[in-house]
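Pasting a structure here, questions to come.
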């Protein structure tokens, strides 16, 4: 086989493989949406699930997923930003910094189930928080924190050195330089990364099985006092998220339309993650235009 | 840069204000809610707890996923009549339930099997502190794929199948099809019940057998896999799988109640020591006719007070 | 950040002797340092708790560590209980290896397509596709695997459709984004001069890719594959739904098998904390944790090679 033919064959094969990937994704999305979309309605999105009757919805689960996301982000963002800034600006290159970077790496590749078990043992049992949104948020923080640190670190590293040096030369303190010169420039990248990380939180189930629990108590959507046990805003109530709900009805569902509910819920979940993805892209571009001179 | 800071400040302010605003409204809402609840309370003095003194407290019931829907549903009813009591119901499995009730994190531990069977080794003493409350009976049926052409299996045939002596359906009178066992994990309460009361012996996990912990998956796999056999609680039976007779006895509520069909288990709600007033009231409520003939039957369990036989921890069955 | 700044202003009025920018700097330093400490404390806590629980199998329950790692029989409720985790270890390794074998060529091809063959359209079209694959939750993958892949395999091959191959296929799709994105980054970072030099010498595109691009980026590509494997190794729910969970080393790819993660999810809720069975499951978690460290170590070694 001469070089020209080999080149052609290889090109075709590579394009074929790339095509396969696109087909797999389209097939996946098509399957999920085709089976689920017909089941999605306003009623399905807002009503409570039923145990044995048909026609249950996913309202509380959807709310729980979003609320858990907010809680997780409230814990993750300040911690992750701080740690990321430390890693990129304060840490002196050397053995210690290197090992911290290793810690971040290890933490980000921990199996979610191990983190879930850790959450069950420490947050749920030892700290006595019980199966609750808060335990779930803490467990998810464990996942999200390394991601957040990496995102921040990379974004800060992407800031032009001249800007930083100019600011330091003007006599600003390092911290002031970071907060008022570097962070705004790094912000678009950080926000894009954060939204993408949020998508991952939204779909996580294995860790939440053991921490946030698998039941959704009756929620009273007229009661917004975070301390009342039936208030949707109470972070110490057990909560089943959308991903966990799919797992549960797939495995234990008694309702006659469990299959359709699982399909519908999967479609909602995938659509939400899609939304996060597109949102992140759009927002990244928007912020980029806003903060840089490009018009 | 100033603009950025301004934006952030504005955001913080808005969120802060929004928080204050919502706090005010929540208070109002809470008051309204309380009033309403008081109203309903007056209206339903004929409820289960018509006693007079107001019960209060919060109860956490954790454990068996098989029992969870029932406790969940009954707890909601209970809370409607007793607004002072809050009950949270959690899954997590029988083991988690018993761990948490023995450790004091939960007031009630839901379990599919007797605590004595779960607490072993160093933990055996813990079972002594637990008080058993049997609230329902769950029957289990052997289910097979519809195509295997068998509608009765004797105890010996079942043992042969689950120990791997018989591997083809034609040996037990069915079509020529390889047997695929859909079992439960060794830790499962459902499996323990099935082994004790249907097989009468412990079985090992066979090479090639499938293990699923969840009834939904078992049902799906038995329905789809040619030559599959498994076992399910009565509540999961439908026309995608076929329930076979056990030694000629049909698996049904009637045969469980009169003691002819042996494959059933109690659903337990354990408390550590004697329960407090609110927990006791809730457990009593579980046993009222209203719940037993209503929710228990509705969800596919068998009312415990209907049973004409009782069974002790060691498995001996006595006529009532 | 806002909070610490506000706090800083308050202390300012009290301690006027400190110059504002030094105090400001100090606040920032302490704040970020505390964040890092939290991070380190988290990982230490995880390692400590999982190890203390996992090691108690050997210490309090008297199980021999060698027996656990090499034993073929897993009968936790038997008399006496036997804990041989080799089938799970074998299952985990074989599924993740096979998944990597399936996903690595696909991912590398996608990366080459995006960077070398059609950079413009590839980036605009493939990149979102890959990111979307990464975003699909694992539960959904398991659901699709159980309703599509398992019946398909059952129809084509002998057996029940469930097994290592089904698990690997699901995992392959799940780790494809990891491998592809790392490979793409590596290929894109390749100095243009290398490629142009090769073209100038009259090499075809495939010759350039095969002789120049792939060898130079190999460590980075391998990093992607190892990270993908690590992810496959730790994935729990999707695998558990399609693998069958029999605690045996299977005789074929289409026979029910188990992984470390599936064994944990299957029994954790059913066992009581403190019993030998429960402790043994924690030991499995400890093995998972150790493997994570090993994977990260391999990645480190590969990266060091890459930098050289």
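Chains: A, B and C, in written order; residue numbering restarts at 1 for each.
Keep in mind that, in the parts below, a residue touches a chain if its C-beta (ideal position, glycine included) is under 8 Å from a C-beta of that chain, and two chains touch if they have at least 3 such contacts.
Here the structure is a predicted model, which means the values were calculated and not measured.
J.: If you connect every pair of chains that touch, what shape comes out? Choose line, ring, star, complete or other.
T.: complete
J.: So using the touch definition from the top, which pair is joined by more C-beta contacts, B-C or A-C?
T.: Between B-C and A-C, the larger count of C-beta pairs in contact belongs to A-C.
J.: On a CA-centroid basis, which chain has its centre farthest from chain C's?
T.: Most distant chain from chain C: B.
J.: Cα centroid separation between chain A and chain B, in whole Å?
T.: Inter-chain centre distance comes to 32 Å.
J.: Could you please state the distance in Å, as a whole number, between where the Cα atoms of chain B are centred and where those of chain C are centred?
T.: 34
J.: On a C-alpha centroid basis, what's the spacing between chain A and chain C, in Å?
T.: Using C-alpha averages as centres, the distance is 16 Å.
J.: Among the residues of chain C, which ones contact at least 2 other chains?
T.: In chain C, 146, 241, 268, 273 touch at least two other chains.
J.: Can you tell me which residues of chain B touch two or more of the remaining chains?
T.: 65, 91-92, 99, 103, 212-213, 217
J.: For chain A, give me the residues that contact two or more of the other chains.
T.: 125, 210, 250
J.: Any idea which chain B residues touch chain C in the complex?
T.: So the residues of chain B in touch with chain C come to 8, 12, 65, 91-96, 98-99, 102-103, 118-123, 180, 185-189, 192, 202, 204-213, 217, 220-221, 224-225, 228.
J.: Would you mind writing out the residues of chain C in touch with chain B in their complex?
T.: Residues 2, 60-61, 74-78, 146, 151, 154, 160-162, 241, 244-248, 250-251, 255-256, 258, 266-278 of chain C touch chain B in their complex.
J.: Going by the contact rule at the top, pick out the chain C residues touching chain A in the complex.
T.: Chain C reaches chain A through residues 1, 5, 21-22, 24-25, 27-29, 31-36, 38-40, 42-43, 45-46, 49-50, 53, 105-106, 109-110, 112-114, 117, 122, 125-126, 128-133, 135-140, 142-144, 146, 148, 173, 176, 180, 203-207, 209-210, 227, 230-231, 233-237, 241, 261, 264-265, 268, 273, 282, 285, 288-289, 292-293, 295-296, 299-300.
J.: In their complex, what parts of chain B are in touch with chain A?
T.: Within the complex, chain B contacts chain A at residues 1, 4-5, 22, 25-27, 29-30, 32-33, 58, 60, 62, 65-66, 68-69, 72-73, 76, 79, 86, 88-92, 99-100, 103, 105, 212-217, 235-236, 238, 298-300.
J.: Using the touch definition from the top, list the residues of chain A that touch chain C in their complex.
T.: Where chain A meets chain C, its residues are 3-4, 6-7, 9-11, 13-15, 17-18, 20-22, 24-25, 28-29, 31-32, 78-83, 85-87, 89-91, 100, 102-107, 109-115, 117-118, 120-122, 125, 142, 145-146, 149, 171-176, 178-179, 196, 199-200, 202-206, 209-210, 243-244, 246-247, 250, 262, 266, 269-270, 273-274, 276-277, 281.
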